[in-house]
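Chain naming follows the written order as A, B, C and D, and within any one chain the residues start at number 1.
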Amino acid sequence: MPGNIFGTLFRVVTWGESHGPAIGAVIDGCPPGLPISPEVIQEELDRRRPGKGGVAETSRREPDRVEILSGTFEGKTTGTPISLIIWNKDPKPGAYDHLRDIFRPGHGDITYLKKYGIRDHRGGGRSSGRETAARVAAGAVAKILLKEHGIDVMAYTVALGGIEAKERDLSVCKENPFFCPDRDAAEKMKERVLQVKKDGDSLGGIVEVLCKGVPPGLGDPVFDKLDADLAKAVMSIGAVKGVEIGAGFKASTLLGSENNDPITPQGFLTNNAGGILAGISNGAEIILRAAVKPIPSIAQEQKTIDVEGRSTTIKIGGRHDISAIPRIVPVCEAMVRLVLADHLLRQMVNAQAKR
Amino acid sequence: MPGNIFGTLFRVVTWGESHGPAIGAVIDGCPPGLPISPEVIQEELDRRRPGKGGVAETSRREPDRVEILSGTFEGKTTGTPISLIIWNKDPKPGAYDHLRDIFRPGHGDITYLKKYGIRDHRGGGRSSGRETAARVAAGAVAKILLKEHGIDVMAYTVALGGIEAKERDLSVCKENPFFCPDRDAAEKMKERVLQVKKDGDSLGGIVEVLCKGVPPGLGDPVFDKLDADLAKAVMSIGAVKGVEIGAGFKASTLLGSENNDPITPQGFLTNNAGGILAGISNGAEIILRAAVKPIPSIAQEQKTIDVEGRSTTIKIGGRHDISAIPRIVPVCEAMVRLVLADHLLRQMVNAQAKR
Amino acid sequence: MPGNIFGTLFRVVTWGESHGPAIGAVIDGCPPGLPISPEVIQEELDRRRPGKGGVAETSRREPDRVEILSGTFEGKTTGTPISLIIWNKDPKPGAYDHLRDIFRPGHGDITYLKKYGIRDHRGGGRSSGRETAARVAAGAVAKILLKEHGIDVMAYTVALGGIEAKERDLSVCKENPFFCPDRDAAEKMKERVLQVKKDGDSLGGIVEVLCKGVPPGLGDPVFDKLDADLAKAVMSIGAVKGVEIGAGFKASTLLGSENNDPITPQGFLTNNAGGILAGISNGAEIILRAAVKPIPSIAQEQKTIDVEGRSTTIKIGGRHDISAIPRIVPVCEAMVRLVLADHLLRQMVNAQAKR
Amino acid sequence: MPGNIFGTLFRVVTWGESHGPAIGAVIDGCPPGLPISPEVIQEELDRRRPGKGGVAETSRREPDRVEILSGTFEGKTTGTPISLIIWNKDPKPGAYDHLRDIFRPGHGDITYLKKYGIRDHRGGGRSSGRETAARVAAGAVAKILLKEHGIDVMAYTVALGGIEAKERDLSVCKENPFFCPDRDAAEKMKERVLQVKKDGDSLGGIVEVLCKGVPPGLGDPVFDKLDADLAKAVMSIGAVKGVEIGAGFKASTLLGSENNDPITPQGFLTNNAGGILAGISNGAEIILRAAVKPIPSIAQEQKTIDVEGRSTTIKIGGRHDISAIPRIVPVCEAMVRLVLADHLLRQMVNAQAKR
């Protein structure tokens, strides 16, 4: 039944509901001696906050200020559990009273009730996207560890509402509200969003994650392969419905002679493997893509049932994000960082024990 | 460093190298009182065996006879660990002497050596597809448990070498060597395989897994979501480079109004969610697809390096499968069954404890 | 490296340092639908608070008020993580400045520094007894679950400073400050404590834990036996140096004919097994004893070294408890409850799955 | 429900029943590059074999030959799972037919049936002492790792049937059949055994485990403390009813001024802590004692019930060991080694990651 702990050596627990008093994360297994401050974590949290442009439209105003409650001493980690807390400053539990007895299509309302027999209906409770703030906070701690070891993780939007980015000019990402590395695509995305907003509808897209500086050797076959753990990590994000590594689904259409990455003394000539061979990092860049479904909260009328099983319809009012993109981008980064931090530590055992 | 144990309540360990004396699996946590026999497990293993048609071409002849060494008494499971062993009857360790000092592109040769500092080069050692026989054996035990609870898992080929199955007539699968539910597509796949074989090349494809009878409530948010665990399970299979649930990557191009599955008293009107909402099964069919890369062992000359890092080329002789499909099909089923068995047991706690 | 998570299905994480802003616990895996309130948890915490008599002498004044931050809805658990927080209201970090560069004998000062290379020296940091408040809070949640299933756990003092309780009249426990079920022994303990206090010394003792209503079948051989998990749980309490079940060490002096508990249709005639056979509860009362070492903080001068490894002496001033008893009593109860809650849930799987 | 996996980084699974075809262990997480051979493992197994003197009397003749089925290559470990198998050469399942419907006092017969609803009654099935052979085999692999790091673990008998060893002259152990480090005590034990054998009864005792060369820093507070994990490991051995570290239960009678180990530049002046402070090894010798109950299989008539719950009596015929001592001695060593190997690897992460 428990399922809120992630990782084996770098372990993270998240807790908290959308409209409870707070959300938070506890990290058990962060190595001692790392420089840490609320500011470093805050930086990542700020990237996830709403109000950044044409897609993120939520009316909830959360400052998302993180506090560190344990595990640090004089600006360094001590090796003991790091407890992070983010108070919910703008909860509006009463705003959800009308959703108490009805299931929103595409949401976990119906499955949570069927599973647990009880449901905190206020803003999705535990299944709310708000929980991902705790992941981002924990991922920021992982980022500190990875930085010490020269590992850098970046995510960005490569598709929105069917419009695909052809370019990968990462310097462009911050110029547009979609965190998209292709100027032309970003322009078209903007138009698409405006149209969809007018229709009271929502959009999905694809996020790509790029990891630089990952040393060879990370990943523990045969089950805890690096790609397997990455797939789990990213698929555990609410809106994600697909994950692929390297050439991914396209690899299924290639010939072996096309898909195999030739090896040279200078490294791999191509990177269809996405940096992972037989579940172990090969030293090349790790590339992963996540398919993000459209936000299920839409203004249009939808067929559904109430908790008694009776037919009804629902129109979800208020202002909602048009897409989980781009707010999901730092969440993807966080999850990938948690996996890399975990496997970095795991591989240290291997490296040191074999002598 | 350890990574060969899968699951939390229905736990499986696999062990063994391609050309060692044997491979096997130990299952810890199988409930007591289930009917079990070597024959039931053998049936699944036989589906994975080579020599079934135009795609599987390996010259190795393994009977893959499974023996049950523990955990059963008078034809029933006892709740203690079930140890399964499959002897390697046709190992040819010497046949790989020429691969001792060279890395095959697309294989784990290079990453295993970098990770462990030592490598059993004989037929891929632990990273060989042969390890999946142990998974299939373990999955067969999970199948017994699932059957008791009315859950049925089937996998089949929906794409090979870029040729996609349009139909889903499962009765057709056994008629063709690709286990494809579309007669026309199977015909075209046959031609494609013949061509590729002539070229000394190989093919990838897509496997779809369909789960019927899964009750609502399986999956443990926020990290051990059912889709997250399925993604890990399937991605841990060597040749898999992508996983998607329900509409999957296509969901990223849909509108919210298209992607949301309307709910009626009779169930969901569509199944873009693939049977999982917020990480919990919703009672609909669970549908998952895995992207399978082309077999890396090809007869064509490829650029690579030797263990000293010097440039060289390699041509992999002998008879090899043209595609991991269809032999990977029962492996996908096995991994999905392991996840469902695990979460079925996990949900029992929840169901019983809440009273 | 991580070691702050306990349990498999009823999982608990504790976090926090003695003189940080707060301490807390997160429970992942508590079943949904249980009645819960801060008051019920507070009741257990109050039993652990100092100022209860002749043994507990700490000058720190902590109200130990618990807040529930997540995992409940309208007075019931929801099956999601329960986050409990206790603010440190009376931290005096500066009071420990003189201990920054010196190791107190019998404390973890030296081992924490050797392990982590960094040490929060303020009041023992993470190794402080204060951490056990978080365990007691988590154990109170386990108590709610156990109560629903008719399981009752009580601990009490059966020895202090070498004075042993002969009686087990549990109604007497609350009459004396040692929580001792023997009036005469309690009287002698009182005198002993007065003497030792005058000498600036401290005392150890023995706590006995009695579990009623435990159904047969709890415990998972061969490693996660009920007694094995109980031993770990209780030995993980700072001051505990020994654990025994049933006849315990005395069993090593008995004959088989004396130690075996005869079985009758009405149950076992004796209980040398302490309620556990082959690692599984047998339906009889579970009895366990924990040996508690004397508090290492004493007013007498002691030989030690400083962080540079130089010889020195230390005299620990201020008011300290004379013994971990009786404050450790509810901590022992809490740890035993966590184990029983975990195995109760584990056995539910078994019971339900075997059909 | 699963409980047959031990350890976190150095993980061991054991499987097998007393009268099934074989027993075995799989080790997942053994570092690569260690020298390994069946002979090294066999050496440990031979120490556990019966027929060594006046106490071990079992009539079963098992050669206990171990085979390594995986995880090694050219005499070295490869980092992949090591599968060890020991065939049961002398199973006599039929010899237990009369025990099918009756519960032996002091055995797990009754609890296994109550837990699982099915029972392999042949020689105790999974609860048989025979399972410990698999532990000893796995512990031998841990021994190889520990040896590389200068850690040495020895166990010996310090009490049998109430007769206590005063001396600790380890060179004497091999001279007597009890593996006792005190010549006089061994002499008295011999007489005691003869008497008890005549009476058809059995004896318990105490095993002490001494660990040399353990570096400071092993153990992960607050739950996975080194002493906590040791307690679990040793208590998971069937016959053990108590565990203590260092001064153990005697510490409960000492004053703080007596129990605290003074620290000097040369190390600790005493070792009441038994080498562990606050759950972390302090560099001193680790000392642990395990209380072993008398063998429950005795020739005397005992009261019991049958599977229908009816009163009856039982007299256990055949030749049985008079005491689990000394055959349990290498089992204690094995379990302690598994814990040390696990925490040695765990601490490597810490040491390397903190930089």
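The definition used in the following text is that a contact is a pair of C-beta atoms (placed from the backbone, for glycine too) under 8 Å apart; a residue touches a chain by one contact, two chains touch by 3 or more.
For each chain, UniProt lists the protein as follows: A, B, C, D = Chorismate synthase.
What you are looking at is a predicted structure, and each value in this text was computed from that prediction instead of being measured.
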Handout entry: Smallest count of steps, each to a touching chain, taking chain A (Chorismate synthase) to chain C (Chorismate synthase)
Key = 1
Fill in the blank from the handout: Note: of the two pairs B-C and B-D, more contacts are counted for B-D
Practice task
Determine, using the mean of C-alpha atoms as each chain's centre, which chain is farthest from chain C (Chorismate synthase).
Solution key: B
Exercise for the section: Round to the nearest whole Å and give the separation of the Cα centres of chain A (Chorismate synthase) and chain B (Chorismate synthase). Expected result: 26
Problem - Centre-to-centre distance between chain C (Chorismate synthase) and chain B (Chorismate synthase) (centres being mean Cα positions), rounded to whole Å - result: 46
Fill in the blank from the handout: Between the Cα centroids of chain B (Chorismate synthase) and chain D (Chorismate synthase) the separation in whole angstrom comes to 38
Practice task
Note the residues in chain A (Chorismate synthase) that touch 2 or more other chains, in rising order.
Solution key: 1-5, 9, 14, 31-33, 79-80, 115-118, 126, 221, 345-346, 349-350, 353-354
Handout entry: Overall pattern in which the protein chains touch one another (line/ring/star/complete/other)
Key = complete
Problem - For the chain D (Chorismate synthase) and chain B (Chorismate synthase) complex, residues of the former touching the latter - result: 1-5, 9-11, 13-17, 20-24, 26, 28-29, 31-33, 67, 69-71, 73, 76-83, 85, 115-120, 125-126, 345
Problem - chain A (Chorismate synthase) contact footprint on chain B (Chorismate synthase) (complex, rising order) - result: 1-6, 14, 103, 105-108, 110-112, 114-118, 126-127, 131, 159, 161-162, 196, 199, 201-206, 216-217, 219-225, 227-236, 238, 241-249, 251-265, 269, 272-274, 276-283, 291-298, 300, 302-305, 309-311, 346-347, 349-350, 353-354
Handout entry: Interfacial residue positions of chain A (Chorismate synthase) with respect to chain D (Chorismate synthase) in the complex
Key = 8-9, 31-34, 79-80, 145, 148, 221, 344-346, 348-355
